[in-house]
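Encoded as structure tokens, the structure appears first; notes follow it.
By letter and in written order, the chains are A, B, C and D; residue numbering begins at 1 in each of them.
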Amino acid sequence: MQHLGFSHTKLKIGSFDFTCCEGCQLQLANHESSLPAFLELLDIRNFREISSERHDDYDIALVEGSITRQDEVERLETIRKNAKVLVAYGSCACFGGVNSLKNNFPLDQAVREVYGDKSVDTLPVRKISDVVKVDYSIPGCPVSKEEVERIIVSIATGSIISLPKYPVCVECKQRLNTCLFDLGEICLGPITRAGCDAVCTSGKTPCLGCRGPADDINFPSFKQLVSDLKLSRDELDEKLGFYNCFEEFRHDKS
Amino acid sequence: MIYKIITKPEFRKFIDALVRQNLSYAPKEVDVDKNGEPVYQFKEVSSVSDIAFDYSVTASSAKHFLMPFKEDLSRFTFTDKDWQQDITYEAQPIVLIGLRACDISAVTILDNVLLNGQFPSPHYLARRKNTFIIGMDHLPLPDCFCKSMNHHTVNDGFNLFCSDIGDSYYLSINSSKAFNYLKEFEISDPTDEDDCKLIERRKLIKHSFKTEVEVTGLPSFLDIEFDSPIWTKWGDKCLNCGTCAMVCPTCYCYNMEDRPDTDLKGSARQKQLYSCNLVDFAEVAGEHNFRPKNGDRLKYRYYHHYLGFAENANQQICVGCNRCGRACLADINPKDVINDLRMEKESCMICASPSPPRT
Amino acid sequence: MTKVNCSIDVHHLTRVEGHGDIRISIKEGKLIDATWAVVETPRFFEVMVKGMSAQRVPFLTSRICGICSISHALASIRSLERAMEITPPDAAEKIRLLAMHGETLQSHALHLFFLAIPDFVNTPSVLPLIKSHPEIVQAGLRLKEAGNAISALTTGRLTHPVSLVVGGVSKAPEKKDLLALKHQLEGVLPDLEKTDAFCKTLTIPDFTRETEFVSLYNGITYPFIGGDLLSTDGIRQNENEYLTMTNEYLEEYTTSKLTKLSRESFAAGALARFNNNYAFLHPRAKEAAETFGLRPVNHNPFMNNIAQLVECHHIVHDAISMIEKLLDDPLDQLKTQWTPKAGAATGAVEAPRGILYHHMEVDESGKVVKGDCIIPTTQNNANIHLDLSALALQALEEGKNDKEIQLLCEMAVRSYDPCISCSVH
Amino acid sequence: MRFTIPSQDVNREPFARNVPDFHYRSALMQTDRGYKCRITNIVSLTEQEKLFQLRILDPDERNLFRFRPGQFLMLQVPGYGEIPISISSSTSNNEQIELCIRKAGHVTSTLFQTQAGAHVAIRGPFGSSFPMEEMMDRNIILVAGGLGIAPLRAPLFWINDHRDRYRDVHMLYGTKDPSQLLFTYQFDEWEKINHIDLHTIVENATEEWEGRTGMITELFSDIAIDPENTYAIVCGPPVMFKFVCNYLDKQGIPMNRMFVSLERRMHCGMGKCCRCMVGSTFTCVKGPVFDYWSVMNLKEAI
């Protein structure tokens, strides 16, 4: 920000993936029109998916995916040591994501089912912050490129990073969608953090809460809503558990 | 105001000509809800057949045509050691068709808030001046309470208002532009019979209201009931979702944020409509929140709507459309909240004790 | 003098989706070991689907892969709809096909420009190309953007579709947006020409190893969703008989499974589709193939890159004409109401990297009791593996050094555009 | 073509009543455009506070910008945001504006990185002010807690400019630690030149600290108050002014002669964004300066 009398050096960045679908990394390559400008902000030191160059002198590590094997723990710890700032991006990194559904089954049973008698290394799914300290989280499945861009710009300009504190309904209403509860569905929009521009509900698909709970949600009232509308509690639980973002609320069986 | 009569087929021709030539928005059916009822919204239309003239109510109001949910108030362009601020007040002319009397009143209220006083909003003015409004009357829905707010009729704020008198519309023409357009179509002067029909129609509308909200003396109630337990009661239900404010035709609170461009060569100062129900509405640096509880925030929405804020001449800004009540998932609606407040107040009057002490 | 010793160890191959290692060791002219090992962590999707409501399943399975999420969603949807005997409306089928086009176009563009081309011009990534070949990078970005635009409009988002649901499509694209999309697609036609011209300047390694190719086949159109299973060795099967086509097995060195059919290995993907369905390509795509000397049946794995480019031609033209038809459709009936029903069936689709099978069994309440997914890269693994040995030996004979051999091997693996996290789902 | 609505045409229609005249330059600028300023100097006061001296670049705008003690402005830091800040300089100094800013969050942290010579913008002045004329020929007690001294400097400068029109002036100033005392370099000037009776106090004394230790209310024991003839201006955290005003109230100073400055979240400064509502009052328009009686009547003010 030359005009204010200070400037910033390019961000030395590394992007790393653990157990996930790599969809979040893929978002970094989207938004084609602003892509060259976006890459201009960054000095990519390590990004296996798009470049063969690898260096360990990055300031910011973008970490995608959850942790499901011992070698991943070690790799993550090294990354944490090298990086000044560690950003968990994507619901897998921030909450465990869909991978966590595995934790609903006994591990050995899961292995037997898929791999028979072959021995397969695997651990219960953990989110990044269960293993190392996370400086910032960008949730979403996948993350929205706009938000990643905004946050990278914030880091580049030395701004404070914040996510919307309000729920998805705000954005959903701004897109003039018909509320899915009016269509007889259970939608997690009222308790899920906004910032996705209500993509799912705008496609008439209920929100499954990939961005995790908004600030200070009123869960008892939400539960009341579901029961008042005579909607299925099982379905609610299935939705709350989908991305593993509502752990603390899901088991509140009251 | 000039009054004319136009037959319904001729009216359709008129509207068709208008919408084919202008960017126009009118009620359209967008969904069918779980009870089989159609859901309407103001959407872009390109011919008269797109328009649902017999619509009940749109889920969202038309305010965002005048006051977008998100807009850039100004832009900064950074140069080497300096910057430049650019502001444009531009609006594409639009036609809004089918606004109800209360919707038009809401626009007038927004005019008052945003154009009066020391700091009028040029952005709003640019849009407002380029908006051509055609209003239409309707029979109230069971939960409309605009009559209680005295907004079931409207005399101002539109270009043309159409009252349904059977085979024809009774037109109130409030602008020369509208009058000039209509000259190209078959319109006639109202006969005595038409006048009678209009009066009948108005009477019918007036007597069709099923929901009454007693608002006399409400401002002073609200003033006294600031610490009433009912705010906690309703606040406990509120999901802080902001839906009510988004669909409301008069909620206008907002948030400002600077959004630097990805190439860092400029930045937009973005305004986003907000809601006093959202958690960080009154949060300041150091994480201090002036309204930490749901009830505090909910209360403020009611204060703003029914007590009025000093800057807008203490005007009540609710027009009684009940869009907020219909949209609220927690089943919070003005009628119930106000009645509750009134009961609370009246029970206090009976025992002659003051409202509960503030904590 | 020919070289006799060589040892290559590539840990976590770059510019591919997921984690895989290449290990080659040659001693005194003899191949000791050549492996393509997938070291990605397994995720157990087949276990996760158990007990999940059918309507939620496509949202889960699309998360198998960030690049081919639409294929995964549609494979699940197809298998569930067939299992529960749901017939989606016609218009929904069209939108789904268009969605596939979007995904294939964006995936091919991503692979060609970001992952494959850097090897051919000897740069570590696409980033230096932004400066040295801005024209071609821009063309690539526009093609990718067009693919993304199709996905966004037809499924509500670029990655992980939101409006593809069991029973149809939950939200219709607006006509106005369809029209804009059509214009955008017309706008990238010159970019395809540019890419053709550029790719002609690249040297495609001369390497051939005869193998079997498997793809979908319907005998009417270039296949993307459903149909029979066809191999260049002459095997043809019904979709539900997918297991006889794949014959999965496990190896100790890799976390991904492997497959085989008539021979030791087979290949799926753009080249396989091309080899089996050349007749159904758009004329303009055939023309493009001709200029590269690509004719069925081609056995050079590096030509998979060119087959992808040829498919891009086909897709853009086909998408334009599909949109023209959709613009005349009312698009008001997009979803069939359905009630759960017990059953089991397979859904096969042609993902960008080849044939993808989902097989689901549901109970009468619409909950999945068993799931099976066989992914294109799984099917290609054995073939990649065998290609590597042959390629390394050939290169050795040509007197190439370790570095050159390593690059060649990496390029060969990348040609398959392997999608590793997919393969270890 | 006849039915197209060209914008000029619509513009002539008198839909909106009381249409303001936006060609009037000052009105236009105050709503969205800021006056561009150069940061001429930055003085580090403590670790957390800096004094920014700004000069409006355009001479016409500089002339246009006149304010009263107690008013605030909206400070725009392009690319970062806009925040309300009290004007902390003399109303008679038309050449430069001083702002005393504490590092609190996003925008303020950025300001702490800027260098002299950088350009920012201001909109305003906004809000109400201390009724300095009404206080003439009376005693004044200024009470500042912590950063509360920032908005107090404007009235202090005013008093100094018109020192003969005021009787006894006491200034009570308290902070947590001695290191947090701001403007210590001006203490002598205030006391010796302007004859302000300055009393300071800190909550936590250090070894070097020779002054008083305790809560700010303890300073009242040092001064004699003539309730009939005294006005008070109190700025600081809400808990502090509640205590101070209660004390002064007990001393017999009428509530409408005590003034406080309130803080709320603000995004516009013009009574539009509604973020600063207290009860049904806009802090940015009716405030930030309120007399204590009004504050007592504002719901939720303290």
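By definition in this document, a contact is a pair of C-beta atoms (placed from the backbone, for glycine too) under 8 Å apart; a residue touches a chain by one contact, two chains touch by 3 or more.
This is a predicted model, so every value here is computed, not measured.
Closest chain to the protein centre (all Cα atoms averaged), using per-chain Cα means: A. Interface comparison, A-B versus A-C: the pair with the greater number of contacting C-beta pairs is A-C. Centroid distances from chain A, each centroid being the mean of CA atoms, peak for D. Separating the CA-averaged centres of chain A and chain B is a span of 36 Å.
Annotation: 25 Å between the Cα-based centres of chain A and chain C. Put simply, the C-alpha centre of chain B and that of chain C have 50 angstrom between them. Between chain C and chain D, the centres computed from C-alpha atoms are 64 Å apart.
Residue positions 1, 3, 157, 159 of chain A are each in touch with at least two other chains. Shared interface positions of chain B, i.e. residues touching 2 or more other chains, are given as 78, 81-83, 260, 264. Of all possible chain pairs, those that touch are A-B, A-C, A-D, B-D. Those residues of chain A whose C-beta lies close enough to touch chain D in the complex are 1, 3-6, 157-160.
Those residues of chain B whose C-beta lies close enough to touch chain D in the complex are 17-18, 20-22, 73-74, 76, 78, 81-83, 85, 87, 89, 91-93, 95, 111, 113-123, 125, 128-133, 156-157, 159, 175-177, 181, 184, 223, 226, 252-258, 260, 264, 267, 269, 274, 276, 281-286, 290-291, 296, 300, 303-304, 307-311, 314.
Residue ranges of chain D in contact with chain A, taken from their complex: 39, 77-80, 105-106, 109-110, 113-120.
By the touch rule above, chain A contacts chain C in their complex via residues 17-27, 29-30, 32-33, 35-36, 39, 44, 47-54, 68-69, 72, 97-99, 101-102, 104-105, 109-111, 113-116, 118, 120-122, 141-142, 199-200, 202-205, 208, 235, 238-239, 242. Partner chain A is touched in their complex by these residues of chain C: 12, 14-19, 40-44, 46-48, 50, 52-53, 56, 59-60, 63-67, 69, 110, 114-115, 118, 124-127, 130, 141-142, 144-145, 148, 155-160, 162-163, 165, 170-171, 250, 252, 255, 421-422.
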